[in-house]
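Presented below is the structure to which this report refers.
Should a chain be cited, it is by its letter among A, B, C and D, assigned in written order, with residues numbered from 1 in that chain.
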Amino acid sequence: MTSQRVHFYQVGSFAVGNRLLNEEERTIQAQADRTNSIDSGHRACQGCGEALGARYALDAAMRATNGQVVAVNATGCLEVFSTPYPETSWRIPWLHSLFGNAPAVATGVAAALRAKGKKDVRVVAQAGDGGTVDIGFGCLSGMFERNDDVLFICYDNEGYMNTGVQRSGATPPAARTATTEAVGPEPGNVFGQGKDVPRIAMAHDIPYVATATVADLHDLERKVERAMEFHGARYLHVLVPCPLGWGSPSSETIHIARLAQESGLFPVFEAEYGVVTSVSHIRRPVPVEEYLSRQRRFNHLFGANPRPDIVAHLQAMADENIARYGLIAPEMEHSS
Amino acid sequence: MKIPFAITLDVGSSRANHTGSWRVERPVYVDRLPPCNNACPAGENIQAWLYEAESGNYEAAWHKLVEENPLPAIMGRVCFHPCETACNRVQVDEAVGINAVERFLGDLALENGWTLPDAGPDTGKRILVIGAGPAGLSATYHLRRLGHQVRLVDSAPRLGGMMRYGIPAYRLPRAVLDAEIARVIAMGVEVQLGHVVHDVEQERHDGKFDAVFLAVGAQLGKRVDIPAGDSSRVIDAVNFLHQVAEDDPPLLGRRVVIYGGGDTAFDAARTARRLGATDAVIVYRRNRERMGASGEEFEQALGEGVTVRWLSTINKFDGDRIVLEKMQLNSEGFPEPTGEFEELDADSLVLALGQDTDLSLLEHADDVTVRDGAVQVLDSMMASPTGIFAGGDAVPAERTATVAVGHGKRAAHSIDNFVMGSDAQVKERHELASFERLNTWYYADAPRTERPELERVRRQTNFEEVIGGLTPDNALFEARRCMSCGNCFECDNCFGVCPDNSVIKLGEGMRYEFNYDFCKGCGICVTECPCGAIDMIPERN
Amino acid sequence: MLRQIEGSKAIAETVALCRPEVVCAYPISPQTHIIEAVGAMVKEGTLAPCEFINVESEFAAMSVAIGASATGARAYTATASQGLLFMMEAVYNAAGLGLPIVMTLANRAIGAPINIWNDHSDAMAVRDSGWIQLFAESNQEASDLHVQAFRLAEELSVPVMVCVDGFILTHAVEGVDLLDQSFVDAFLPPYEPRQMLDTEAPVSIGAMVGPEAFEEVRYLAHLRQLDALERIPAIASEFFEATGRESGGLVRPYRTDDADTVIVAMGSVLGTLKDAVDARRDLGERVGVLGVTSFRPFPSEAVRDALASARQVVVIEKAFSIGAGGVLSNDIAIAIHHEQTLLRTVVAGLGGRAITRRSLEKVLEEASRDELATLTFLDLDRDAVDRERARMQATRRSGPSAENLLRDRATVAPKVRA
Amino acid sequence: MFQIRIHGRGGQGVVTAAEILSVAAFDEGRHAQAFPSFGSERTGAPVVSFCRFDDREIRTHEPVMEPDAVIIQDVTLIHQVDLFSGLSSDGYVLINTSNGFSDLGFGDFFDHYRPERLMTCPATEIALEHLGRPLPNAALLGGFAALTGELTWDAIDKAVREHFSGPVGERNAIAAKAAFDYVDSKIKETARASTN
């Protein structure tokens, strides 16, 4: 039987598992014996995207390395909610040092493993967007430039959520945060060039750079496994919605991430040695409104006195992404 | 202490922290009633047998299917499949081809000689089933499974009722009809053909039956008197189709006019074409929108060269010319005469204006109510507390084979309750699985597999079956288009998307359960469940 | 083997003898010669297995060391001055995590005004970080201390900072008796971590600790430093047994027995002081010197004993707490805690200002005549200060003081003053 | 204790010279110490380095305040930097120049010094001749040995070869020897001159 074709069409092709798929076609999260690198009992908010992203990514890394993973964590939500004395949720060797030094600490771990001849053990460093694009950026660039054998994962929730939702270098334009209030003629965060770390990472010509969201597990896990095939510096940027900071229902975390991708605001792609090698095409294109209007941080763009001008500006940014990465599959363009 | 105090911790220790206490709402797994099941007149558990078919377990699928309906190969051909009209998938791309898969399973069963479940242990009860059409056969099947003895009588020389004498062979090949009927009879049924029951009470008394199921159908074609010359060839569709079915087709000439807008009219027209008529013109007093026939049949008929005269009534028919009067619909949508006339050449006129039931056998059954030529029954299909039940075309309902099969089943169970003296336990139905509850992102677009149609030319000249079957490959594909509305199909989404690892996977076929020790009640599993099989309910404390 | 060698080289070669597995560094004067030499040895392959990592900042340098140490590797780095301050967050972190990293601090002043020359401001800035801080008097001691430092650090799971006066020692070519590998291997067993990142036995290191346990964690750290007060002299005497060299230890008294005035100091100035003291002794003055080798943990008891008989204690400090006074003096005062002892603080050698024997003798002379003020700035150019004060009073826009002073003196600090 | 101060410009090997001297002393079994005027030397900028040696352990780390000898690698420094501060009246002075000491325009500055201890030496020419590069430091060390007699020629020779390994060491040693002989002969000259 042409199982491949049937597989493509069948019910739940995009679901986590599906009984009709053979084991290796299901995601790791479908395995009853998955690692659960981060265990139950952590203190993340209801519907935390970062808790999800971290388990997805590290479980995938664990599978790719046969359980030989050491994790380094920057200060931030993930660190605070996973290891408040006297409890830790981690099931893998894990080290937290400081907010801004995760890449360097990971370099040290990798160096030590090399010196000790532990070739099979791999290092994953993880941080939020603050620890990546802002305070940790110097160390990150250094780690890239030296091409140290570290997979660095940024869980991007677009702000300093741990400290009460302040603006970070990854906060999108017009978004309301505690330090970019939704007041005045230009409410919310400024419109700037933004800090596109994936592309900055690519500029270092490191072996592997990719973006992903918690909305597409198959994609996220494949990218982690792909990253593990390389040695040297690798960067994975994962969009993880924050119900608290974004003002979205805890039940919609994954849905919102999906809209971010399908609106074109968050391009999902991968690159090797500075060259984009693949993009995830948008399956069900949506206008940015559909994404923005579900989040209270963008309330001021709608409601009583709406700001279509700003929404249009954001739509333009999405369109630019769609054009830059070719996010709409050619065969879809006319139909959509 | 081995490791440094406080700054270093042993793995997994957070399991001591039961975050379930954060919860104000809890997710619960539910089963909802899929719209297809809800819409099936035969009460088939469609989703259940599709579920089996999805994994390619066709035999298991077929057995699930015949739990409710012993005639899948027939239904797969003649049913107007309201299930597909109700299918939620319509709103994603197109309905799942349930009817096609049903036929595929039915045919596969015939090929492989799969047998129906054995008759139940004998109860000693005797039931008389009058009429061997879909209702009668369905009732017989279920009664036998319940262990009752059945005598099946019919006035016609062969079994099948309207399925044989109403539905042309190009829609239902006789081989299939015979095979599926034979399978029912093989369960051990006393059959009496060519036997006309004149007095149901007498018949029951003579045969010492504990109950009777009346499924005599509607065999009498309605007549209207149209001024017509003696030479004019006028015949009603029921007889016409009956004679064709008996391989004794009447001579209608080259130009045939059919009067009426129901399926029977189209069956007659298409049959006339096959018998050699150059023109088969349907005359209908209303317009396309108000026509009774199914769209499918209409399209096929036009494809075969049948033409239609909308908004017309036949005023008179003399020999070789028919006079039509143009009509127009009034505000209520009723046709009114316009006084305009036109003529139409015709060698014969077939009247397809509906059918009546011959209920003379009920004359002495005092406590059976007949109104508007139909037997009045309760939901249980009971027509008389003395033990007379009725179904099919003889009772007020949509006159389709599928409805009849449903009647047969329901009647059988009511009869069982009646003769065994137990009272009907009505199993309460789940809430409907609405489209809104689905998360269709998880379903890939998958256009429906159309069953191949014979090219028109061939169709016009013979009675070969018009609609072909599915191949095993596209049958599987079609089955897998089912979205399993409202019923868990074990996609692992809830298990995978829980940020607190608080879903427990119980293993193949055993679904999942929530670990409320850790579930914080975020509701992601509810949003991300593709088929809407999880509800969020308030925590009661 | 005794060699005429630059201080930095001697330190580098001794560090290499300790077989560090990860060395990371970011260049800053006057530490550069040390890491250059270690880097060369790694490149040659004479130091192996060892990963030498050129990082992008001191912050990264200490962070890499943290990662390496937490993975069970022996980690080393070196820095100075601004570099130490830039890595300060990580310095505290390494101590908090109890990682036995050894770092050489080539002591240097802290800007502004930027100044690359020696004083102790940098070491003082991190005295509360939880690191053990040992001060070297000579290059011989500087290199010896590194072997003891690794031993101490790994025994107690506490990081150790070896403080070596920048340029004065690091760039001085002197005779240094370098240890041989077999001795170091015996003296310094392979690193057996108390905790490490191990896939076979995973743990979470660096948890968030709230009020319910933080105080205990800090107190435990303090207890480890108190343990160090036992281990430092023990290790030093074990070292002495084997080498016959008095390197390390808590304090080092010189002619204090009958001393009426004892000068307390740390680092390279002790040598010059001893010469000065000998000279004053020849003139009949009863003076002595107390060198403090272990600044953290602070050996209060040893200091108290050494100063018990002194009538006057003069603390020579290469740093001071602006607005308060001497830093070392504070610890001394608390240690001796009896009022009848006169305690004097002399701030000297800031930003590389040469501390000459002549000036020191002057101090001793004044001390013996009880003419020493409570807080003195050695060789302070009072005129220059007064002129700048006047300028500041005259005009609001008086400009940057540092530049004004230089303009006044029309010379480049720190030229040897004739 | 014998203390030397060396003046020159960044790039002329001023610090190296002090180091080689200390090594030479060390090789002769003395305690020795060499160090630069701590700073960020830049090519061309005036630079000072120090060396002291003694038969006793050297504990002090103060700069050389009262040199017993001053070596000037670059004659153009004469009127820019305070070259002779702390130099005792019986101290040595060795200046790298092809001119005679009296031609340098010190006027009466050195009247109270012992003339046989004031010496010039064309070290740059010698270096150019033997190294092909104007690096006078090694040569001047040869001159220093001859002038002061504080260190033997063999010690200088060994230290120079130790520092610059291979052919470079060889050539530097030859240059140093040439300077040694030059100064030695000059001393003998003046000695002869004073005797008659």
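By definition in this document, a residue touches a chain if its C-beta (ideal position, glycine included) is under 8 Å from a C-beta of that chain, and two chains touch if they have at least 3 such contacts.
Since the structure is predicted, the reported quantities are computational estimates derived from the model, not experimental observations.
Novice: Measuring from CA centroids, which chain ends up nearest the centre of the complete protein set?
Specialist: Smallest offset from the overall C-alpha mean is found for A.
Novice: Give the chain pair, either A-C or B-C, that is connected by more C-beta contacts.
Specialist: Here the pair linked by more C-beta pairs in contact is A-C.
Novice: Could you state the distance in Å from the CA-based centre of subunit B to that of subunit C?
Specialist: Chain centroid spacing, subunit B to subunit C, equals 93 Å.
Novice: So how far apart, in whole Å, are subunit A and subunit D when each is placed at the average of its C-alpha atoms?
Specialist: About 67 Å separates the centre of subunit A from that of subunit D.
Novice: On a C-alpha centroid basis, what's the spacing between subunit A and subunit C, in Å?
Specialist: Centre-to-centre distance between subunit A and subunit C: 45 Å.
Novice: For subunit C and subunit D, what's the span in angstrom between their mean Cα positions?
Specialist: Centres of subunit C and subunit D (C-alpha means) sit 34 Å apart.
Novice: Taking each residue of subunit B in turn, which ones touch at least two of the other chains?
Specialist: In subunit B, residues 6-7, 9-11 touch at least two other chains, as defined above.
Novice: Mind pulling the subunit A residues that touch 2 or more other chains?
Specialist: Each of 82-83, 85-86, 88, 90-92 in subunit A touches at least two other chains.
Novice: Touching two or more other chains, which residues of subunit D qualify?
Specialist: none
Novice: So, with touch as defined above, which chain pairs make the list?
Specialist: A-B, A-C, B-C, C-D
Novice: If we count contacts the way the header does, which residues on subunit A are in touch with subunit B in the complex?
Specialist: Per the stated touch rule, the residues are 1-2, 5-6, 8-20, 26-27, 29-30, 32, 36, 39-44, 46-49, 51-52, 55, 82-83, 85-92, 217, 243, 249-255, 258, 283-284.
Novice: Using the touch rule from the top, collect the residues of subunit D that touch subunit C in their complex.
Specialist: By the definition above, subunit D touches subunit C via 18-19, 22-23, 26-27, 31-40, 48, 58-65, 82, 85-86.
Novice: Please output the residues of subunit C touching subunit B within their complex, sorted ascending.
Specialist: Per the touch definition, subunit C meets subunit B at residues 96-98, 157, 194-195, 202-207, 209, 213-214, 216-217, 220.
Novice: Can you list the subunit C residues touching subunit D in their complex?
Specialist: On the subunit C side, the touching residues are 4, 6, 29-30, 116-118, 138, 165-169, 171-175, 268-272, 274-275, 352, 354-358, 414-416, 418.
Novice: Considering the complex alone, what residue numbers of subunit B touch subunit C?
Specialist: Going through subunit B, the ones touching subunit C are 3-11.
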